[in-house]
Structures are given as C-alpha cells and as structure tokens.
Amino acid sequence: MLKTIAVRIVLGIITLWAVSILIFAATEILPGDVASAILGQGATPETLAVFRHELGLDRPAYVRYLEWFFNALHGDLGIAMTNKRVIVDVITPRFMNTLFLAGYAALIAVPTSVVLGIIAAINEGKFIDRFVNIVSLMTISVPEFFIAYVLILYFAVQFEIFPSLSTVFPEMGFIEKIYTTALPAFTLTMLVMAHMLRMTRTSVLSIMSQPYIEMAFLKGLTRSQVIVRHALPNAAAPIISVIALNLAYLIVGVVVIEVVFVYPGVGQFMVDGVTKRDLPVVQACGLIFAGAFVGLNTIADVLAIMVNPRLRHPR
Amino acid sequence: MKLFGYKPTATAWLGLAIITIFIVIAVFADVIAPYSESESVGQTWDDPSWDFLLGTDNIGRDMLSRLIYGARMTIGVALVTTILSFLIGTTAGFLAAVGGTVIDQILSRIVDVMLSIPLLIFALIILSVFGSSIVTLVLTLAVLDSTRVFRLARAVATNLVVMEYVEAAKLRGEGLWWIMRREILPNALPPMISEFGLRFCFNFLFVASLSFLGLGIQPPYADWGGMVRDNGKAISFGLPAPLWPALAIAMMTVGVNLVVDWILSINSRPSGASAEM
Amino acid sequence: MTRDVHETILKLTDLRVEALSGAVLVDNVSLELKRGEVMGLIGESGAGKSTIGLASMVYARAGCRITGGKVEIQGEDVRALDAEGRRQRRGQRIAYIAQSAAASFNPAHRLMDQVTEMPISHGLMTQAEAQAWALELFRALDLPNPDTFGDRYPHQVSGGQLQRAMAAMAMSCRPDILVLDEPTTALDVTTQIEVLALLKKLIRDYNMAALYISHDLAVVAQVADRVMVLRHGKMVELGETGQILLEPRMEYTKALVAERKAADKLAMVTTTTREKPVLEGMDVTGIYGTFRAVKNVSISVARGETVAVVGESGSGKSSLARLLVGLLPCVTGEVKLHGEMLPPALKDRNRDTLRKVQLIYQQPDVALNPRQTIGEIIGRPVEFYFNRSPEQVKARVAELLHLVGLPEDYAGRLSTALSGGQKQRICIARALAAEPDIIICDEPTSALDQLVADEILKLLKQLQDNLGVGYLFITHDLGIVRRIAHRTAVMLQGEIIAQGPTADIFAPPFHPYTEKLLSSVPEMRTDWLDEVLAKRA
Amino acid sequence: MEEYNKLKHMFDKGSLSRRDFMSGVAMIGAGMAVAPSLLSGTAQAATPKVGGTFRIGMEGGSATDSLDPRTYADSVMIAASLCVMNGLVEFDPSGKPTGELLESWEAKPGAKEWVFNVRKGVKFSNGKTMTADDILYSIAIHRGETKSPAKGILKQITEIKKVNENQIAVTLEAGNADFPVILGDYHIVVVPDGFTDWQKPIGTGGYTLESFEPGVRLVFKRRGDYWKAGRANFDMVEIRNIQDPAARTAALQSGQVDAINRLDPRTVNLLMKDKKLNVVRTKGTGNRFCFVSRVTEKPFDNKDLRLALKYGIDREKIIQQVYNGFATPGNDHTLDALNPFYNTAMPQRKYDPDKAAFHFKKAGLGDAKIELQASEGAWGSAVDCATLFQESLKKAKINLDVKKVSADGYWDNVWLKAPFCAVYWGRRLSADQTFTQVYGSASDWNDSNWRVPEFDKLIGEARAELDEKKRKELYFHAQEMIAEDGGMICFAITDYLDGYAKNVMGAEAHARYDMNDDRIAEKGWFA
C-alpha cells in the first residue's frame, strides 16, 4: 500500500511540475506587456528597454522559468512588479483567508451533504429523497452571485443579522471572523452541497445492489444500519473524491464570492494581477491554486487507497 | 403510453412535459413572444403588469419575451457545447481506458493539469489562442467541460474493458476505435446520459460566467444565464427581475434530470432499496 | 440420518412469488420442515429454489414480491407480522448461507465484526458473549487459528474458509432454521467435500432444520433427508432422498438423475492416429506481476482432437489458455501454430493466426455484448476476417445459427433476451464464424445447468465430428473430461502433473493428486460422503 | 459580471492615465462658470465636530496598489494619498485652483516664468518642517528617468529651482497661464526630501497611515495638529476597497460604511428613498460615453455613414434606460456644458431615424452590416448602450452588429484598433486640452483617427488668442467641425453619484472629482 501511495504522490508532484511550466508559458503569452502597462504614457523605446532589463524580461524565457521554479521551491515567489511588494508576504495572509473561508464552508457543507445524501439514499424514492434532490438541483441552477445577493438582501440589509462586508483583518478574533464570514460561507456551502449530496446518494445506492447488502438485510438489520454500516464504508472512495473536487473548487473558484463579499482572498489578488499583467503575481497565484488542487486530489486518492481494505490489509 | 418501449413514471412525464414545453417555446418563439427580443419597450425593471406579464429587464425590454427567445439561444448553445464536450471527453476517456497504461497516464495527467490551472488563466489562454467569438465560446466550454466528462468516461470504460466481450474483440484483432465505438460506447451510455443531463445544465450557467471574457452570447440575443447576470443587481433591491430567468434554468435543470433519472432507472437493475417487501 | 419426529418448525403454505413484471417465480409451493430435518431443493436455474429459500425468510429480492401463501415459523405466521417483526425473525430464528461467501461478506469490515454483528444488533448478546460464541463456532468449523481468524478481512482468507465463516455468521444467533443456498457450488471439489461435511455436522449437532438448495443431486444426496424437485417455480416431485435417487417417478426427475449419473462413467472416446499438432505450447511460462501462474508447461492440440486441461481454481489452467492466445505474453518458451512460432503478444499477431484460434468463455453473459444483436455478434468475425458483403454475412449468420441449433430469426435479437445455454451457443457460433482450426473452451459449461450443459457438450462433439475442429477444453469437472476428452492434462499450481490419453489418466496407477480429485467428486448415492470421510480418516 | 468591469480596465497605455483623462492634464482656462448642483444635500452645520471613525467604501483600487505617487491610477489611492499627504495646489468646489502647500504664485508676463511661495510652518508627521527642498524633490521624482504618468505634463518645465527656503522659481518652454492647475495633478503630493519608503509614507496631511493592505483597506489616524483649521476631523479613517456596486450599496445600507463612491445610477432612485442615506450628485462632470469609429477605415471613411450613425442613436432613451436619467446627452464631442467654451449655439443632435436612413442611403452601402465592438471592459454598461443603439438603428433600417468582446485587454486590443468601438473619455477642465488630446493630429489617443490640419490650425489659433470672444468663436467652430465630420458619437455625459450616511457632513459636490474631490476624509465630519 505504501508503494501505491508513494506512486500517487510522485504523480501529483509531476503534475504540479507540468502545471508550473504551463502556467509560466500561459502568462508569457498573455497579450499585453507589463512593461508598457506600467510605463504607460511615458513609454519610450529606451525607457521600455531599461524597464524590461530591470524586470529581467530581456532574458530567455527558459532561464526565467528555471529561476522562478527553483526560487518557488525555496518558497520565494518573487516581487510584485506593480507595487514592489514581496509576493509571499502579501499572498500568505490572503491564502490563509482563502483557506479559512474554504474550511469554514467545508465544515458546514461536507457533513451536511453527506448526511443528507445518506438520508436521501435511505429514503430512496420517498418524498424526502425527491425533495432533497430537487432542491439541490435548484441550488446549482442559479449563479453564485445570485445566491450571494439574496443572502445579503435578507440577512444583511433587511434584517441586519450578518454583515454584508466580510472582510477579515488580522486583529479579529476567531469568533468574530466566524461571524463576519458567515454569509460567504453559507453561499459557498449552498454551491458545493448539491454535487456532494448527489454523489453520496448515488454511491451509496450503487453499493446497495451488492450481495453483502442483501446478506445484511437477511441478518435482520434495519435499513439505516445496512446503509451506514455496510454501504457507506464501501462507497467512501467516490465520496472522498467528489469532496476533494469540491474543496478544490472552494479554494480556487471563489473570485466572484470574494468580490461580492469583499473578502480578501487569493482569487481577487490573482484577478488584479492579471488585469495589471503583473506576471509574478499571476504565476504565484496560479501555482498556489494548482498546488491546492493537486494536493487535495492527491490526498483524496491516498485516502481512497487507505479506505480500501484490500490495499490497507494485504494478504 | 410508452416511450422507447418503456412506460415513463409520473415524474418522468413531468420532466418530459417541461422539456417539450421549453422546446416548443424555443421553436415558436417568434409566434409566442408578445414583444421583440431586443426592443426596449418600458422602463428599467418595471413591475409585472398586464402589458409586461413578468415586468421588464435592465434596459426596459419585456422579460417574458426575452425568456421565450432566450430558450432558443440557451438550449441551443448548451446543447451544442455539451454534445461537443461529450465527443471530446468520451473519446479521450475511452481511449485512456482501452489504449493501455501509457496512453491512460498521458491523458489522465493532461486532464489533471488542465483541471489544476485556474479557470481565469485557462480561459485567457484559450482566448489569446483562438480569439473571442461564439465558436470560441462553444469550444472553450466544451474543452473545459470535457475534462469532467473524461473522468467519468474513463471510469465507466475501465469497468467495461475487463468484460470478456471486449477481450473477445481484442482477440479477434479489432482496432481500438472499433472497440471503443461498438463494444464500449453502447454499454457506457446510461451513466453518460445521466452526466449529460447535469452537464447540460451546468453549461447554461457556464455561458453566463464566461461572459466577462466577452465569450458570452452576443447582444441583443437573450440567454437565461446572461439574463440572471444582467438583472442580478435588482435582487439587492428586492425586485424579482432575475428570478424569472433563474426559475427557467431551474425548471429546465429539474426537467432534464427527472427524465435522466428515469432513463437511468430503466437501465440499472433496481438497487436493494426496494428489496424488503 | 436422524429421523426423530419433532414438531414442525417451518411451514410454507401455497407460497407464491411474482416478479413486478408479472412473471410467476414460485407457484403455490408448500413444504414442511421438522426440527433436525434437512430438505434439499433441487432444480435448474430459474426453478425458483433460491426464491423459496429467501421467501421462507419473508424476503423478496428487488423486483419481486411475495404475493400469496403463508410462512409459519413454529406456528407463527411471519408474513402477517409488520416489517419490524419480520426483521426481528431474520437471523434470529432463521439464517441464511449464501452461495458466494466472497461477495456476501462486506469487504470493509473484519470477519469477527461481521460474525458478531447479528446477535449484538438483535440485542441477544453482549459483544464479549458474541465473540466468545464466535470463537467457539470458528473452532467447531475447523477454521485455522480460530483465536485470530476474526481479525482478518474477507479478502485475506480462502474461499473455503470464508464459506465456513459464513456458516459461523449464520449460526451466531443460534437460529432454528438454516437456509443454505448452494453453499458449496463456488468451491473446488476438494474443498467442497470438507465444507459439506462440516455443514452436515453443524446441522446435526445443533439439531436445526435446514433447507439445502443446490443444482447438484449428488451433493444434496449427502445431506438431505428429503428432496423436493422444482421446475419453473412449481414442485415436480417430493420424496425421500433415496427414493429420488433410485426410483424417480417423474420424467423430469429421471432425466436429471440420468444426466448426473452419466458423468460418472468414462465415455469411450479413443484417438485413432494422432494428427500433426496445430497449436503447440512449448515450455511456456506466464507471470502476473511476480506470480508465476503457468510454469514451463508444454501442451499441444491437433485438429479433430479434444485435449482437456483439468484442475482446481488457481491451478493456472485459464492462464494457460490466455497464454496460448496471446492475452498473457509468455516469458519463456514459445507458442507455435502450424509449426510456426507466434509472437508472444497479441497485438503482434496477424489477423489470420488470430482467426485460427478462437476462445469460448465460461460466462456467456459477459462474453456477449448486451447491446449488440446476435446478428452483429456472429456476423462481425465473418465480415472482419473474410470481408464479405452484408448479404453474404447475413446468409452466413443464418447458416451458423442453424449449425448451433438456433432459429435464424434470432439474428435480430439482443443476447440479453436469451437463456444461458442459448447464449453459449451464440458464443460457439461466433467462434465458428472465424472458421478456426482450434477452439479453446474455458469452462464453457460450468455456468450452465446440467441438462443444458449436456446439450452444449453434445453440440461441441457434433461440430468436431463435422468440421474437424480441435478443442483445448479447460474444466474443473472430471465428469466432462471423462466424456469428451481424447487426451487429458492435470494441472496443479501452474504445472502439468499428469498428461496423456484420457483413459490412461483415469486408470490406476493414479498420480496422488489425480486420485484426490477423483475421489472428491460426489457420487449419486446417499452414503458417499460418509464413506469417503471414513476412508480418508 | 459587473464586478469584473472595472477590474478589467486594461488601460495599458491608458490604465495609469485613466484619472488623467478625467482630471485633464493641463487645466488651462479652468474657469468654472456653472456651480455644481447639489441633489439632495441638506443644509449642513457650519462648525465641524471632531471624532468618530469614518469608513469609506470605494471602487477604484486593487491588490496591486502602492502608495508610491508614481503609481496612482484610481480613486482609492488618490483619496488615500490625500489623507497622509498634501498636494501643491487644491481646487475650490467650482474647480478654481487655490493654494495648498504652494500658498500663492505669480507669473511674469507671458506666463513663461513663475514664482511660487511655499507655505510656512507646515510640519511633516515626523516633525520636520516642510521647505522648498521637499517640494522640489516631490516634483523631481516625476521627472527624468521615471515611469510616473505625471512625467508628460511636467515636460514643459525647462528649469525649476529654489529661490530661498520658501520660494521656488519655474521656467517653462512656452507660456502657460494655467500652470498652477498642472501642479494640482493628483500624482504630485509632497514628501520629505529624499524620501523613498513608500510602504510607510510621511506627509503633511491630516492623518497618518496606520495600516495598508492593498486591495483590501487603508486605515488612518488623526494627527491632531493639522495645519488646515477645521479639517481632518475624524479620529480614524478607514478606506475599504469594495469593487462590486451592489456590495457597496449593501454595505452603505446596512451601515457598515458611512460613504461610498460611484453609485449604480439604476439604483439611485431606490437609494434616495432610504431615509438614512444621502445621495450627492454632480451633474454632467462624469465620463463621456462614446462610440468611436476610425474615419480612415472602411466603411467609416464615408461621412454620410457617420452622420447616419449620429442621427440613429437614441440618446434620451439610453440615458433613461441605462443611466436612469443621471446623465446629459452628448453632442458628439467631449466638451461638456460646464465649460465656458461649450457651443451653446449648436443645436443638440436628436434621434432622427428618417435623417439617419437618408444619410445611410446616401452613403450607398446597401444593407451592409456595421460591426460595433463593445465590452464591459470599456465601461460597465457599454454593452447595454450598444444594444440600445442597435435597436434604435433598426428603425432607420440600418443593421448594426454588436460584438461583445473580452473585457480583459480591451484597452490594449480593441481601443485604437477596432474600426468602431465603445470608448469613454474623462473630463478635461480646459477646452484646449480636450481638443488637442482627443482630436489633435499629434495625439496618440486620437481614437477616431480624425486628423484634419485645418482643425489643428484652428486649435492653435485659439490657444494663442487672448480675446475671450474670439477664442469662443474659434472653439465653437471647432466643435461644429467635430460634430459634423468627426468619427465620434458622444451620446452621454454622466453625473458623479456618491452615497453617504445622513450623519456625514461636508459631503458636497465638487467640480473636479467625486467624494468631494476625493478629500471627504479631510473635509467631512460627523453631525
């Protein structure tokens, strides 16, 4: 089993490396040039050249890639071209914020959707199953900002229960942060729940046709016992994988939520970087997102290997 | 009444009815719509009235008419994209499952890489390579979407390649393409159809969310996702404008999935769920 | 057999089970079981024997419904109880032992947890009590290292042990009635005999009643006091075991008995002069990872000849077949066709060599694409190898269907609509469509009912006589070997331990393993098991 | 999404100069004839009260912001810089330059040589007294080897030197009567001589910087010893970046901030109903929205087509539907009615489908499709405007194809390149600046590519002309030329719209910028 896990981790690292090349290449071909973007009106051929040299843009791409890559390995993501800040210093608190929000949402969404998925599976075909099914379908039918605006309208503007601005600051206490970010966390929860819920339900139900499930019924177990004790452990792998995918989405795909709730996460940082063509920023954000995605998927695969009794307990 | 030799359930009928109604609306939009798609006939976000049954939109166009015309664009684009994404994703997924470890690893890694690049950067790459047009829109959506389809197709096909009829075809000396097309595809259809339903609906919204790249539906044509987007702000003032297109999307989603659920129930053996009498 | 007269413990009256589609699966069957009594339920697949077994626990599989009749356990009408009441009876009063222990144990839990789950969740025992009782059962069932056996996961123990663990699980609540659904069918003959003996002892020791479901009369004969013969959900005959075996009254029973007895005799298949071998494997070795499945095996098949490869599961006989056709590349030795060496890997072989060696599988269900019509399935090799026009293909399909004894209009149907025997005929037709020299048959009859299997064997024989095709026949069933093989090879742990004309192999002096195999095949008499056990002891 | 539109302002060349457009790089002749109107401001108490934390939610900042004055591009950093630092010149509500750190000035005849008097007794937050050296340094960082956007407007300086601690002398390459206005450019703020630590700037402003998270917020604390009496009254000031208009509005409504900028005009009416809020409107000083065709490219080289398009746009309808009435119609040039040289004699061009059809027919293009490129990257509602334009052209039987293009890179890839696209221009305080930059043959930003020597000559004459009346005549004629022949359809000039909590005082309209010239933190107080 350890070997399988090791192979999976190595594959993850290779993927990340390939992604790093691609991100670097992609940012290289982005139309527009930071030099001319920053220099603007004052750009003359000479100043451009000076500036490019200052930024190292006059060296071959592969040299810059290698330098960037090895610096990134040491945790040095470079310096932002636009405001000359050390990217790691800027991005770390933002990434922590992103993780905080994603973790918050996941803590609500994952247990809720798994439990609801199981409840739907236990009551397959009954009213509650259909209800949960249709409601979850409807939540994925509306764009994220729509949910966000509705929550703001009712919970912030009309009833003033939660703040509409969810900006968190370092000096905030944990409880205050939880309170401040309640609305974006709820929004994200609603966004990812449907997928996980449906997957849980489907996976559990697909296990239900196995002979050992029939055996469990013949042992005189109740339906809930059968599902929780016998179906769920065997349905774990696909559920874990879909949870990982959604966690990755929570980390990577929340730019819109960040904008609407004015939450200082990495997404907004990257969008600003792209807008200004601040390549080191874009590359750093891209790398962090890709790292989060690959990392989560690798963890999911490793977990899936670990919950498989055949791999966990070899003969 | 039977359909494809099976009797639809009550919920399947509901789904079929919804889909049929929307398709009829899409086809006969010109006849049904009270106003034109693009003409501004009222004030911004008028309340529903006898003149404008669902009110007006952000620049005073009749919401109902936009919804009716929007059915055409939304369903059309989503359908084309989804079909394309399934062509790409399914082919690649099957190839990964059938073509051996090397091909599988290569394709799977490529998909992993594609999935791990943030959407914004990814979209920008496509944009800079292909430029911005409706073709690019469909292509972008299809490519992005196909990575998800790939995962499913590969998983399904991996279970099928071990079947002896596939082995028999290999023993006969059949080529990969034939095996994928004739042996795998027909048997992989049920889960793929189910996924098709979901992805079809996701693509409605996807069209709207890529709009900032100028990849959305071109004005003055209406699409539901874009309509939610354009009128989204009204919700902060408690105006119902964006609810209508959102509702249309939700209905279509639910309708398609009801039918998909039914198609699946035909094909799958019943789960142990109904085992206890 | 103990014939104590005790109270009636299980009584089924006019039991009726229907599929949701309306088909009648069990048609007014009644039976009565007394304590200490074992009743055998015999019949081919689709006879409704498993359905009766499950229905006696008031359980119907998905898609079925119990629509009529009474199920009484010690006089209590269980069907009249509510769902909770019925659930309470299951496991506690009446327990089930399934055919495939491997599939019926949950792979995610330790054996001990699964064995003790029932008494604990029914609130009959504390965990400690349940475990103590489980250990006792493990010992009683001769499981190795009973103290630690429960710590293992299902995939970590062998099939025979798993089947015994399943018996322990069924016994965990000390039920009054056991329903044994083909408990030894999935096992090798040599294992079957041990499990059979243990089950018999268990039923006797704990003085239970049992329904023993099997398709094999000889197996049932060893444990059952009475036998009920079923067909199409109806009872054909019910009688004492001895009477059924020796003087069956009904035609159907007679056919079953005759067919089973035929397997015991050696058919007089003899080779005339042996032709030059067509397919030869010389000193071949095949590996899966690090496991050497086939070790330095040499075997050859000529046209018109049937060579049987016999062995238990895991002996490497299927691997040998895969090796010869190229699905498993051989690491040593070579495979020759018509004296020419073949590339070891499948993808390097040319179309014509592929055509000359065809394969028939054990499970016709998964060997036929459920989404293709019969015409497409059979027609494809014709089209593929011989490049015929659609009309010619159509004609050839009709011809082939005729050859395997199926009506021509089957060409338009899907294989899912056919019975197991018909599907296997389609497989044969598909193999024949390639006009091969050799057909490798990998257990082609073991998934089929006896009478159907017999038909298939006859068909294969007849085709060989007419077309001169050679068979490499892989089987675990010695009866079949006796009946059709010109030559026989016995495999054990990847090696051929004995090879030669069938008559020589099945005549003394035996190789010790061959003798063990032979002696483990149940015979059609009630005292066979006791005799063999006595002899071995 | 709406939130993207401003983010996506890929102004490349223009991006850092966006405020330049609005401010007017050289505000020659900044005589504000019309006082900005106050829409719903209440009569405000005359004596400011000290105290409270003032929270402003603003659009116009990003995560890449810096306090280095050479990087300022948008509202947030302008407002932030004016909390910590002071400019050289301030403007009164009508837009006239008044003294700030340069207390007063004098020009020698010909306006080529200037002497500026430095304000005395002003202290930096580090205790140092501000002198002419500090001012020279603060100007010098925008000159020479620099990427400062102010570099261009300072090029006219041929010599700048210290006369004494409190006097500076400047020599220009040519006379410019409005040179003080140039020194009022928002990039030019004063720091101590030799200062470089832009993470923690030191200035003479009313507040000191407490914390700065780019794209998130800035926090300032009152110094207490501000040299401007009665200003900088809040204990703390917090500027928060809120890009999304709906989020901004919600934050104001739910009391999480006390002031916001750039209200969505469509929601203003609804906001005005809110008793807790106060909306400040500055009429007709905002952005000028245009569809610009390049007259050198087919088919726009045809003057009749250009006229057809100008008659075929329903300005009133767009203003009603898109801007909810909070805009004035444009007359196909970018000068607004507040400018003294605005051509009041030229009739406002109105929607006339018949005339449009007539000119279109005359253009002889058959039923050719005309493609207009628009994007949310141009401005938030550009696509909506284009759609309404398309609709109004239909009545004139002209087919317009609206192509929605990527917001990302719009100013790089579309503006100045596409034959017909959506563009907005900011306000120039002087007519000369407007005409030279937008329509002058020498301008890089002449986006209609309408380069007419006769027009250049006209503008040149006007610049040299000292007689107001004559000058007016020349400018009138220039406007007629542009409106008649030019490639630009300028259909609307918007209002600035700010939102305040009712208790915020000092929230007045200002001719230059919104948020009381981006100085609300300095000028306001809590009631």
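Order as written gives the chain letters A, B, C and D; numbering starts at 1 within each chain.
To be clear about the criterion, a residue touches a chain if its C-beta (ideal position, glycine included) is under 8 Å from a C-beta of that chain, and two chains touch if they have at least 3 such contacts.
It should be emphasised that the depicted structure is a prediction, and the values quoted were computed from it without experimental measurement.
A.B. asks: Among the chains here, which has the CA centroid at the largest distance from subunit A's centroid?
C.D. replies: It is C whose centre lies farthest from that of subunit A.
A.B. asks: Between A-C and A-D, which chain pair is linked by the larger number of C-beta contacts?
C.D. replies: Between A-C and A-D, the larger count of C-beta pairs in contact belongs to A-D.
A.B. asks: Express in whole angstrom the distance between the two chain centres, defined as the mean CA positions of subunit A and subunit C.
C.D. replies: Centres of subunit A and subunit C (C-alpha means) sit 50 Å apart.
A.B. asks: Cα centroid separation between subunit A and subunit D, in whole Å?
C.D. replies: Between these chains, centre-to-centre, one finds 39 Å.
A.B. asks: How many Å are there between the centre of subunit A and the centre of subunit B, using C-alpha atoms for each centre?
C.D. replies: Computed from C-alpha means, the inter-chain centre distance equals 23 Å.
A.B. asks: Would you mind pulling out the distance in Å between where the CA atoms of subunit B average out and where those of subunit C do?
C.D. replies: Those two chain centres are 46 Å apart.
A.B. asks: Scan subunit A for residues touching two or more other chains and write them down.
C.D. replies: 31, 145, 149, 152-153, 157, 209-210, 214, 217, 256, 271, 274, in rising order.
A.B. asks: Identify all positions of subunit B at which a residue touches two or more other chains, and write them in rising order.
C.D. replies: 124, 209, 229, 232-233, 236-237, 269-276
A.B. asks: Could you list which residues of subunit C touch at least two other chains?
C.D. replies: 59, 61-62, 87 - these are the residues of subunit C that touch more than one other chain.
A.B. asks: Give every residue of subunit B touching subunit C within the complex, in rising order.
C.D. replies: Within the complex, subunit B contacts subunit C at residues 163-165, 167-168, 170-174, 182-183, 186-187, 189, 269-277.
A.B. asks: Would you tell me which residues of subunit D are touching subunit A in their complex?
C.D. replies: Interface residues on the subunit D side: 1, 3-4, 7-17, 20, 57, 62-66, 68, 71, 145-149, 151-152, 199, 213-217, 240-244, 246-247, 250-251, 253-257, 408-409, 412-413.
A.B. asks: Going by the contact rule set out above, which residues of subunit C touch subunit A in the complex?
C.D. replies: Residues of subunit C touching subunit A: 54, 57, 59, 61-62, 87-92, 95-96, 98, 100, 103-109, 117-118, 121-122, 152-153, 155-156, 169.
A.B. asks: Where on subunit A does subunit C make contact in their complex?
C.D. replies: Interface residues on subunit A, with respect to subunit C: 209-212, 214-222, 225, 229-230, 233-234, 307, 309-310, 313, 315.
A.B. asks: Name, in rising order, each residue of subunit D that touches subunit B in their complex.
C.D. replies: By the definition above, subunit D touches subunit B via 1-2, 4-5, 8, 245-246, 249-250, 264, 266-267, 270, 317, 320-322, 324, 374-377, 383-384, 386-388, 390-391, 394, 402-408.
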